[in-house]
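Note that subunit A is present in both complexes that follow, paired respectively with subunit B and with subunit C.
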Partner chain A sequence: MTATDRSAGLAGRASARPASPRPVHSGRAARTRRKWYEIIALTGPAAIVFTLFVLTPIVFAIYYSLYKWSGYGWPTEFRGLDNYIGPYGAFRDPIFLDGLRNNGIVIVGSLVIQGPLAIAIALLLNRRFRGRAVFRLLVFIPYVLAEVTVGIMWQLILQPSGTVDALLTDAGLGHLITGWLANLNVVLWTMLFILTWKYTGFALILFLAGLANIPDELTEAAAIDGASWWQIQRHITLPLLGPTIRIWMFLSMIGSLQLFDVVWVASTPAVRSLGASNTMATYMVDHGFNQREWGYGNAVAVILFVISFLAALLFQRFVLRRDIEGAQTRRAR
Partner chain B sequence: MAATAALPRDRRPVKWSTPLTYVLALAIAAVSIAPVLYVILGGFRTTGQIAADPASLPRPWVWATYANVLKQPTFWHELVNSTIIAVATTLGVVVLGVCAAFVLSRYQFRGREALYTYFTLGLLFPAAAGILPLYLLLRDLSLADTHLGVIIPQVAFQLPLTIVILRPFLAAFPAELEDAAYIDGASRLGFFWRILLPLSRPALVTVAVLAFVTSWNAFLLPLLVLQNESLHTLPLGVQNFSAEHSQDTAGILAFTSLAMMPALLFFSFAERQIVGGLQGAVKG
Partner chain C sequence: MKMRRRYGAFVALVATATLVASGCSSSSNDSGSESAGDLFKNPVTLNWWHNANQAGPLRTHWEKVANDFHNLHPTVTIKITAVETNDLQRNRLPAALLSGNPPDVFQAWGGGEMVDQVKSDYLKDITAQTKSEVASIGAAASIWSVDGKQYGLPFGFGIEGFWYNKDLFTKAGITAPPTSLDELNAAVTKLKAINVTPIALGAGDKWPAGHWWYNFAVRECSADALKNASTKQNFDDPCFVKAGEDVKTFIGTTPFQPNFLATSGQTGAGSSAGLVANGKAAMELMGAWNGGVMQTLTPNQKEPTFLGWFPFPKVPGAGGSQDTQMGGGDGFSCSKKAPPECVEFLKYIVSPDVEKAFAATGSGIPTVKGAEAGLSDPVLQTIAKATQDAGGVQLWLDTSFGANAGTAMNDAIIAIFANKGTPEGVVTALKKATAR
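So, the complex of A and B:
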């Protein structure tokens, strides 16, 4: 944004020097060349690493997905789109479709539960009160813990006749006890609960950051005009938090689509293989990596990629459009 | 604008609030940390105690379980492996990211916005989508079962976010600053190295913390790439331990709490940076 006028200024200075032996033009050409060397040297490594390890694998996934392949040597058994829509293709496998549905439930459940919850907590923790910093630190903790830690933690807490069951019995609610991680009708909701516990803190971090950017003058002016706390939140704070909320929705959606760790650790392979708790990502690793069906696994990877990419583009096009200017995104993990 | 985000925004004296605020805040904090406390305290009980009364405090306190975990070389190996991978990833992300963000923010050239958009493509789809072919690629490059095989892809996956956070930050420095440096005889790289980098410390710390935590917690990539147990990181170690000692609830709890300690301590120190940095990122 500032570079052009500077090179013009320097060139002007050079030409003003009468003793300058070099013609102006070769000096400018040398500077331009030098500028391009710098551009290439500084962005090159990042561009190469990014291209090679983030984008290239997707291209290879498309290629591999057209083959039946055990992963050794170069794939030779061309199968066209069989891995997608053939009789044994992903879209004909009810377990994969279960995974797809589970991803959908997690996306919607995360948005519907974590969003309002985090907004409420953010509004609460955005009030100025003594000890606020400590509370903020505490509510962020679940987000910082590793997914594996969280999975194992809840697996132990929810194990049969474990802590949750004991607490429920003590509270006289023993009849509610079920196989939280084994009951095929319940396990997905247990996962959703664990994810809510873990990721509400992430929404909260973003929302608190967004709230901090809302100038105090606005809310103070409204308060002077006689607006109540609720009116201020409803008519000033929330609308101004809109861009942050929409970015969070985007990140949450991408995060839910690639859900793997918590489900992998907290639910058993048997439960997953029955379609009760599996996601596209766990299904992909189960088949592609563990069962060495590389072509098929890559087909699942491509489906995951296409769904995510389309969802992201549609979201950008229709929801984030007005926020793109100045607003940035962060990937949830 | 981003530069001021890390500063305290409000210097008015903090007041005590209504009891209701505290009751709600306490309830939320309790829900957040109760499971974590359960894990930490559970490590001080025996498996027998836990089975007999799953929801109570340690009585008596047992130190042997924690001591046993700390005596295991596996735990320390995994701690070292996690540290090597996280530190190397962080360094790689920061160095590559800040160089690219510098060019993308302060050079004027044809294709600049296209290059920026190219990097942001990485934010539009989840890393997991490419994980199988990525594993195959690493295998073909003989990087499977090496720490580098985890580090380099992690750097690659973290770059888009890093560039997206750093670019507006670097672009926000006024042109006068750059002009003053040139008048004093600095080259563009000299300006970058001697002036921009030191001034960007808050943003660099933010992206470094994010990269470190992401790497520290990473599971899927190490799970596929690191087959050799001697290379395993702590998240893999937690899973291994719970699979191998599935009857030893107290042991799993102790191992898990020791494994999460570094992240918790690190976060307590870096919380301000994470939140401050995201604040700049949410609205640059």
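So, the complex of A and C:
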């Protein structure tokens, strides 16, 4: 159906062309037409899927977000922007704002802790030594585990009188024991610790790949010129690793904004609803489904989408641009 | 199996309303429906969604019920889908109902949620066909009715109370189960003296903490105040603040295990049910399904023999009923479009023999008269008797108020438990909740 519409439109455009005053080489017109067929054939399926499963849901989410809707029957109670900025809207709900703040803390925390940690380990693992493969594997394993598995695992390790508490007691640090998942002032930092444990391996693999792309000649030349290992890392390796680091920052940031599974599994509904560990995504599901505020849940989804979208745009515009341009010029040649 | 709390409405007041003359006998062909002649003539498939998703006696029971019904009426084939309660209730059912292709028979908990489903015209009115069943079930059936019309039948119904460890009570020198709040406080002190966590609380799931508030509200509030809250969303009676103050005072005696905000209600040995089942805590306030939950949390997969049960104690000086109890049940409804055979299946599920077999699974207390003879578990026998003796049964307040207000209320109650909220906060949250 859609394909027919498209080719009809195309035929219309193609037949309109000869009407232009300049005589057209038939070969060139055919080539143009073929080019368009190719574009449609190659992008069509993806475009249809994208429209159906990405664009349409976004439009629907925006539509639903303007209603008070329990999920039974179609939405009928129009509320305008109340779900966003009304007296009971998201931006007036302290628990949603807590979630927004928690997302912010996770973004900054991930960048500040995982980045330097992974770079340090990558530089270390980039040197040749016995057992390097084993070490790489060990750091990467947490990333391979499913989020839900990780959440349950840490929930068990961190439970009262669990492994962590026992280790601390044995080490004479028993006074440090707290409700890792219950103390409202601690639980977000516990989440950040779990995320660091899990995602440092991902950053590491990216950085190792980036390091492998740095030609040995450069470091060798520097070494011949008398540069120390530290100088080589500081002035050659790190600058050349820049594009990889920036891409990782982007992925980490978007991942942190959409953070859901680990928090959902490892922290209880009570702790989330008190604003201690919730993120925008867990808040959305807690309200949209569990509290049956479907219209409101959609409003939160739209807010989350807009924030992620803006963050992605700004980051691409100001940070990633030179990396992407470089890639394009290289391909053009 | 997890038969979770979630049931219907205010039973005490409507007890008499449903005792209508029962003209037709239960198993004969349906008298009111115009399609009565076609019943069991054409082959039909009934899609049945229930919440017994974990292997256990109840799931086996439902499989047998489906097979037996098919053998009885070969034209009816039953296809079972078992989904975990929360997922079933919050995600799967609403989506299926909305899609216009819902299951024919599905679990229903009554109360505010059923009112919403009826408003959207999703449920089959079964009033005419189920008069005798409703009469046999009695007051509890009204929880599955809206405006005097019946939309579902409960197969299990019971009140909530304290599941306690008799051995630990004896060890602490507690001679009889507490009957008043003062006695409960004394028991807490004695249990602390022998270094036992007096009460396990699955506050991580929110609703187990909420139930403490509900029970105090029943003790503090008059029947009228509770009815106005359920039906008119009127929470102005000062008794609701009083209930919160009672909870706050009680929390002040530190009767619960530490870090209860991270303790779940039913999952794993570290959950509140697990703590009691494994002798780590002396008691837990929980619904009639708790024995079934505890079975799955002990090393030998059996309900501990040390378990006893007593109802929520009287609160001296409180203005509400002292012998009304908090409770609820599980039932099934037919979707609007389901074939008439569906209603026959509902009636079969609550027929005395099937209910007796349900009672024998130890998963709950049957609803129809005579079926309680099937109960073999001594704790369930105690609860069944206490349910009959109760001055009235108030449906779980969160179910009664509906998902929206119910969750907002639980959030505000949990804030009291976390020392972040106030008794007034619960009332404020309830008043605000209907706005989104």
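In this section, the second predicted complex is superposed on the first by the 281 of 333 C-alpha atoms of A that agree within 3 Å, B and C clash if a C-alpha of one lies under 4 Å from a C-alpha of the other, contacts with A are read in each partner's own complex, and residues count from 1 in each chain.
Keep in mind that, in the parts below, a residue touches a chain if its C-beta (ideal position, glycine included) is under 8 Å from a C-beta of that chain, and two chains touch if they have at least 3 such contacts.
Just so you know, these numbers come straight off a predicted model, no measurement behind them.
Undergrad: Pick one for A:Asp98: touches subunit B only (first), subunit C only (second), both, or neither.
TA: Touch status of A:Asp98: no partner.
Undergrad: Mind working out whether A:Gly71 is in touch with subunit B, subunit C, both or neither, as first, second, both or neither?
TA: both
Undergrad: If we overlay the two complexes on their shared chain A, which of subunit B and subunit C does A:Tyr88 touch? Say first, second, both or neither.
TA: The answer is second: A:Tyr88 touches subunit C but not subunit B.
Undergrad: Can A:Leu274 be said to touch subunit B (first), subunit C (second), both, or neither?
TA: So A:Leu274 only meets subunit C here.
Undergrad: Is subunit A touched at more residues by subunit B or by subunit C?
TA: Of subunit B and subunit C, the partner in contact with more residues of subunit A is B.
Undergrad: Is A:Phe289 contacted by the first partner subunit B, the second partner subunit C, both or neither?
TA: A:Phe289: touches subunit B and subunit C.
Undergrad: Would you mind listing the overlap between the subunit B footprint and the subunit C footprint on subunit A?
TA: 71, 156, 159, 289
Undergrad: Over in the complex, which subunit A residues touch subunit B? Could you list them?
TA: 1-4, 6, 9-10, 35-36, 38-39, 42-43, 45-47, 49-50, 52-58, 60-61, 64, 71, 121, 124-125, 127-132, 135-142, 144-149, 152-157, 159, 161-163, 165-167, 170, 197, 201, 205-206, 208-210, 212-213, 216, 243-244, 247, 254-255, 257-258, 260-261, 264-265, 281, 284-285, 288-289, 294, 297-298, 301-302, 304-305, 308-309, 312-313, 316, 326-331, 333
Undergrad: So in the complex, which bits of subunit B are touching subunit A?
TA: So the residues of subunit B touching subunit A come out as 5, 9-10, 12, 14-17, 21-22, 24-25, 28-29, 31-33, 35-36, 38-39, 42, 51, 53-55, 96-97, 99-100, 102-104, 106-109, 115, 118-137, 152-153, 155-157, 159-161, 163-165, 168, 171, 175, 178-179, 182, 188-189, 210, 213-214, 216-220, 223-224, 234-236, 238-239, 242, 249, 252-253, 256, 259-260, 263-264, 267-268, 271, 274-275, 278-279, 281-284.
Undergrad: Going by the contact rule set out above, which residues of subunit A touch subunit C in the complex?
TA: Touching subunit C: residues 68, 70-73, 83, 86-88, 95, 156, 159-160, 179-184, 187, 267-271, 273-274, 287, 289-293, 295-296 of subunit A.
Undergrad: Subunit A touches which residues of subunit C in the complex?
TA: Subunit C reaches subunit A through residues 86, 90-91, 94, 97-98, 116-117, 119-120, 122, 203-206, 209, 257-264, 268, 270, 402-404, 407-408, 410-411, 414-415, 417-418, 420, 432, 435-436.
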